[in-house]
Amino acid sequence: MVNRQIAVIGGREEPESVLAVAQKLGMEIGKRGLILVCGGMGGVMEAACRGAKAAGGTTVGILPVSGLDQGNPYLDIVIPTGLGDARNAVLINSVRAVIAVGGRYGTLSEIAFALARGLPVASISSWEIDPAVYPARDALDAVEYVMKRM
Amino acid sequence: MVNRQIAVIGGREEPESVLAVAQKLGMEIGKRGLILVCGGMGGVMEAACRGAKAAGGTTVGILPVSGLDQGNPYLDIVIPTGLGDARNAVLINSVRAVIAVGGRYGTLSEIAFALARGLPVASISSWEIDPAVYPARDALDAVEYVMKRM
Amino acid sequence: MVNRQIAVIGGREEPESVLAVAQKLGMEIGKRGLILVCGGMGGVMEAACRGAKAAGGTTVGILPVSGLDQGNPYLDIVIPTGLGDARNAVLINSVRAVIAVGGRYGTLSEIAFALARGLPVASISSWEIDPAVYPARDALDAVEYVMKRM
Amino acid sequence: MVNRQIAVIGGREEPESVLAVAQKLGMEIGKRGLILVCGGMGGVMEAACRGAKAAGGTTVGILPVSGLDQGNPYLDIVIPTGLGDARNAVLINSVRAVIAVGGRYGTLSEIAFALARGLPVASISSWEIDPAVYPARDALDAVEYVMKRM
């Protein structure tokens, strides 16, 4: 079995246009039978999960907090790590590729962990601090880029 | 949605009789539509996952190691935390009830975390160090005990 | 250099008689030039640190919370892990021996991690769930027991 | 008591010129009575600890691995977390300011966590991905910058 877990990362507070990209990303991931792994909270994470569920996909939330009920309502599997910021490392350990949408320093830490592991990373309106990060045009471009490299 | 994640914990090296109980436990969990969460490695964890998959259930492995390919072959979702022993706390944070089968000190630490959180805990051939741990007769008894209290 | 870090573990809420034992323990540890490592919070942890500082020793607190100012006032070094319960594993990884004074399930999880690592463990009014835990008569007996085995 | 813990972060493999800066940094930190906190391994971490000890300072290593003997030889306090990459978050939680010297993606993740917490960050030959990171001329400039803001 080839593990097909892929992360969508990004901020909790983003404008509608960014959330729309995240939702589209979730749909593209869900309809391809990939498993969407995210931080499980609101904003980009929730929008991506909503999209994945609409497309019949599976969602996993790896939360920084410790309550099973503290994730967004579109999670099939909830992992409330209780680890705070350290959960960002656990999240990146759990995937074969990463797509970043918006986000600030938390997202940057996750991109850094992904690059340290040599994972393919695509970015939409997010950090492009390194040639190893692919600046994707849109959701479809990002998914196709990482799928070829997983 | 009510979260239905339940943990089966126990040792990596156990006699066949204990593994048979773990497999039966996995089947009872799987056929009830509960999600089986475990440490994702061999022994009791693998036997329980095999049982859950045979019954059409869903399995999640929260590994102490950091490789996506290091879990047992019956995992639907793999969370390779890379946290070592600290993953035991993450595992217990992720469930509403715990069933222990055999196991040694690692299992004891998980039972302790579960009791600290006030979760229902059933034990089969495992630690019964506290009145709060229910000494179950068999797999069915254990599942029925914790389901009533989740 | 031989690492001389030793843990005192135990509950946040304990009667005066138990806190007095913890303080004595801290003094015995401090005057021997051992480094006292603990969970950094109140109760047994604070009493042991107070004793160690009174004897001119060094104290380290490995906190479950993430604030540098959230530990007890007798800490020389503060490690606010932000890991919640998972910090118990980090604490036990950081020492060569463990002395438990009182405590409940959190303390039990730490004893379990210590036994899993094969560390010497002495217990005063705490869990004695295993022949590998030495039931010490008092603070002096506990310190002498673990020092011979570090 | 004002907590005076400060982090030096950076790569395990760096040219001699970068290690010399790290050692100078350790000396400046040690002679000011600040406590040097680092990842505890080789390269920049070891050079900084060597400098701090030469100046009579105190050093703390927060290791990704789980062995008490796996840190560099200049550590007064060893915290072998066993957390892998997740220890980067614990390290940043433990300080009031961060100075980065060289380094790659692991260092970037730590800078990201520091910015997320609003800590002062100075960089020497390291990532300057954000206006919030101060590009220091040398060790002395970096220490003076962060000390004013701790």
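The first chain written gets the first letter, and so on, giving A, B, C and D; residue counts start at 1 in each chain.
One rule holds for everything that comes next: a contact is a pair of C-beta atoms (placed from the backbone, for glycine too) under 8 Å apart; a residue touches a chain by one contact, two chains touch by 3 or more.
All of these numbers come straight from a predicted model, not from anything done at the bench.
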{"item": "Result of counting contacting C-beta pairs for B-D and A-B, higher pair", "value": "A-B"}
{"item": "Inter-chain centre distance, chain A versus chain B - centres from mean C-alpha coordinates, in Å", "value": "27"}
{"item": "Gap in Å, rounded to a whole number, between the CA centres of chain D and chain B", "value": "40"}
{"item": "For chain C, residues that touch 2 or more chains besides their own", "value": "66, 81-86, 89-90, 93"}
{"item": "Arrangement of touching chains [line / ring / star / complete / other]", "value": "complete"}
{"item": "Of all residues in chain B, those that touch chain C in their complex", "value": "83-90, 92-93, 104-106, 108-109, 112-113, 115-116, 127, 129"}
{"item": "Residues of chain B that touch chain A when the two form their complex", "value": "1, 3, 5, 35, 58, 60, 62, 66, 68-69, 73, 77-83, 89-90, 93-96"}
{"item": "Residues of chain A that touch chain C when the two form their complex", "value": "66, 81-86"}
